[in-house]
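Structure record follows, encoded as structure tokens.
All chains are identified by letter, namely A, B, C, D, E and F, in their written order; residue positions are counted from 1 within each chain.
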Amino acid sequence: MVYLTRQEHFNAAHKLYNPQWSVEQNEAVFGVCANANWHGHNYDLFVTIKGEPHPDTGFLYDVKKLSQLIKSEVIDALDHKNLNLDVPFMAGKMCSTENLAMAIWARLAPHLPAEVQLHCIKLYETPRIYVEYYGD
Amino acid sequence: MVYLTRQEHFNAAHKLYNPQWSVEQNEAVFGVCANANWHGHNYDLFVTIKGEPHPDTGFLYDVKKLSQLIKSEVIDALDHKNLNLDVPFMAGKMCSTENLAMAIWARLAPHLPAEVQLHCIKLYETPRIYVEYYGD
Amino acid sequence: MVYLTRQEHFNAAHKLYNPQWSVEQNEAVFGVCANANWHGHNYDLFVTIKGEPHPDTGFLYDVKKLSQLIKSEVIDALDHKNLNLDVPFMAGKMCSTENLAMAIWARLAPHLPAEVQLHCIKLYETPRIYVEYYGD
Amino acid sequence: MVYLTRQEHFNAAHKLYNPQWSVEQNEAVFGVCANANWHGHNYDLFVTIKGEPHPDTGFLYDVKKLSQLIKSEVIDALDHKNLNLDVPFMAGKMCSTENLAMAIWARLAPHLPAEVQLHCIKLYETPRIYVEYYGD
Amino acid sequence: MVYLTRQEHFNAAHKLYNPQWSVEQNEAVFGVCANANWHGHNYDLFVTIKGEPHPDTGFLYDVKKLSQLIKSEVIDALDHKNLNLDVPFMAGKMCSTENLAMAIWARLAPHLPAEVQLHCIKLYETPRIYVEYYGD
Amino acid sequence: MVYLTRQEHFNAAHKLYNPQWSVEQNEAVFGVCANANWHGHNYDLFVTIKGEPHPDTGFLYDVKKLSQLIKSEVIDALDHKNLNLDVPFMAGKMCSTENLAMAIWARLAPHLPAEVQLHCIKLYETPRIYVEYYGD
């Protein structure tokens, strides 16, 4: 078994606030991340798949196709967007990096062909903070 | 003469739109950057100063003081903020990286001691796009 | 289960020598790393924790609290220090990156709350050499 | 158990084509990677070994010896070479990053001493694409 | 005046040899870079332009247009190519990074609009070697 | 004119203290950098030279020779050393990055051949702090 990773990039606005809490409670828990006027990030996304290389190509999967799949299913929905307002699959969820990584997994996994498996979604929120999700 | 650079970091939301233009005109010029609901970035800021090292310390300037100055005059005003709505010194300006770099220069320059000069503001908007400003 | 990583930084002096060996034996095994007058490094530290995101916040753990914990338990004890002379929890140990990573694990693990687990300590000694430790 | 990683670098020319296919079929599957006149890459190679640190040294393994081993067994055979024409252990194989990572594993594994085990070969083909192989 | 930089990427095969010299002379001067079967690199290209931001947009120049221009005039001609065989504007020239940077300048400069000037071509051949050219 | 840069690496111990000052004065000015037991860094060194490429080679200067020169004149004297105790050309000087960059310039400049000029010494002390020196 071999693991293949493709890195992609998007940027977006978001804020962290729980609508069931008061403004004060949100600020106490989320600090500057609760700014009502939003803030934003350059997100770096690493998608890792696993499987056996095909004998005819030496490829686990064509990395250009993987890149196109990530773009059509994930990047197009997130890039230059407001994660709280513009992204249907984040509606009603806290916009943490943890939840976003799990949502990206759920978006991508059904679109991979049968012979490859999604292994990991790794998502950088800042150059010093990242989340990894390996499925359930 | 020696040049000393300190890198700092902030993240913020913004959008690019000219209030004197129609929505269509803004979208034609700024594309996804005109998204009404904002988007955002992790900005990397490089501040370069120049001058002569002091014989007693070997320092052009104490880099911890430079870092504190950048934080109090620039980072505190920009980090986790909406550049269009929350930043008085960007009010009425287009929120391009070019204009932001020039505004950061104007904020920092008056606070440096007489023996050092501000040389360059370098500002990354994404890992592949940056602006440099060396003053007038 | 989700994994959250925070990167921190410290720099320190150290040397590699076994006090039970002769100078010649130390130089034969450790080469320039045995220099009696010390050398040093910028260490990059990646701390990874794992667990379930909390439904109220979407957070596995508040990354600011994780950063403060790493600083108070690890960085304050190591930054701008001599690893052989100034660090009680390295006393009597060889100052290899392997041993330092394991000692950092032992420092941090007892301070994490019950709902999160320490998963990995990753420690860069130079940009091209790093050690990972996942506990026993 | 501790994991130690050493990063090395080489650059090489290659192309992707299946000699049992027509030119058209190769271009349809491999696109610009099938260019008859070759293209090339700067490859970044991360070799990870695992085991117990030795009590006398604190080392899992002397990282200088690991570097020399990678150079003599892998880098010398690949650096500034044509992977399709100049590398006996890639002869008759598709020159994909997947196959190259597996071939590097096969080259290195027999040369490690009994007390350490090869854990992972991670190979970057471009800054945004990499493969990992952990053995069978 | 403000400076705006866009980073792009291509990979290519090449070799260094002077056709007026013997094989032995080429190997003596160029070493492994003279390998008859080619080698290759991932090249990182930084294009810097300068001028005044436009008051309506805050832009020196639309960075998407700059990126498209670099792609159509430079990247399409070089990416996944053999620099010695496939690139008309390198024909008859030594394929050094110095010459390639100057040739990229000559390709791009005529296509920039009157209000911006090309300032610098910076070209990485490996992560540790780069060339800069600022025109004549 | 073309500019060619080669990046090299060394690590070293040092401390910042002025022997004409009291311990208290040193700690007030240099803080943790005055730790009597030293601390250390991984230094990244960028050496930039300038001149005309030679028509026979396309090279400003053979980058392997430049690398060997930097190693023999600079890296061998600094790597795995104590900058205050082990380096004759830093004796009696404050071990700031500013002074070290200027001393590296003085070491290298006389060894370059007549047809190339030293242009810049850029020295990273940490990933976020660097100094540049362009000569007098």
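Here is the rule we use: a contact is a pair of C-beta atoms (placed from the backbone, for glycine too) under 8 Å apart; a residue touches a chain by one contact, two chains touch by 3 or more.
Given the structure is predicted, the values throughout are model-derived calculations rather than measurements.
Of all chains in the assembly, those touching subunit C and also subunit E are D, F. Graph distance from subunit A to subunit E, where chains that touch are one step apart, equals 2.
Centroid analysis (C-alpha atoms only) places E farthest from subunit C. When the contact pairs of A-C are matched by residue number against C-D, D-E or A-B, more than half turn up again in C-D.
Comparing the residue numbers each copy contributes, subunit C and subunit D share less than half of them at their mutual interface.
Averaged Cα coordinates give subunit C a centre that lies 28 Å from the centre of subunit F.
For this pair, subunit D with subunit F, the centres built from the Cα atoms lie 34 Å apart. Among the residues of subunit C, those touching two or more other chains are numbered 127. Contacts from subunit E toward subunit D in the complex involve residues 9, 11-14, 32-33, 35, 37-42, 79-82, 85-86, 126-127. Residue ranges of subunit E in contact with subunit F, taken from their complex: 16, 18, 20-21, 29-31, 93-99, 101-102, 127-134. Contact residues on subunit F toward subunit E in their complex (touch as defined above): 1-8, 48, 53, 56-60, 62-64.
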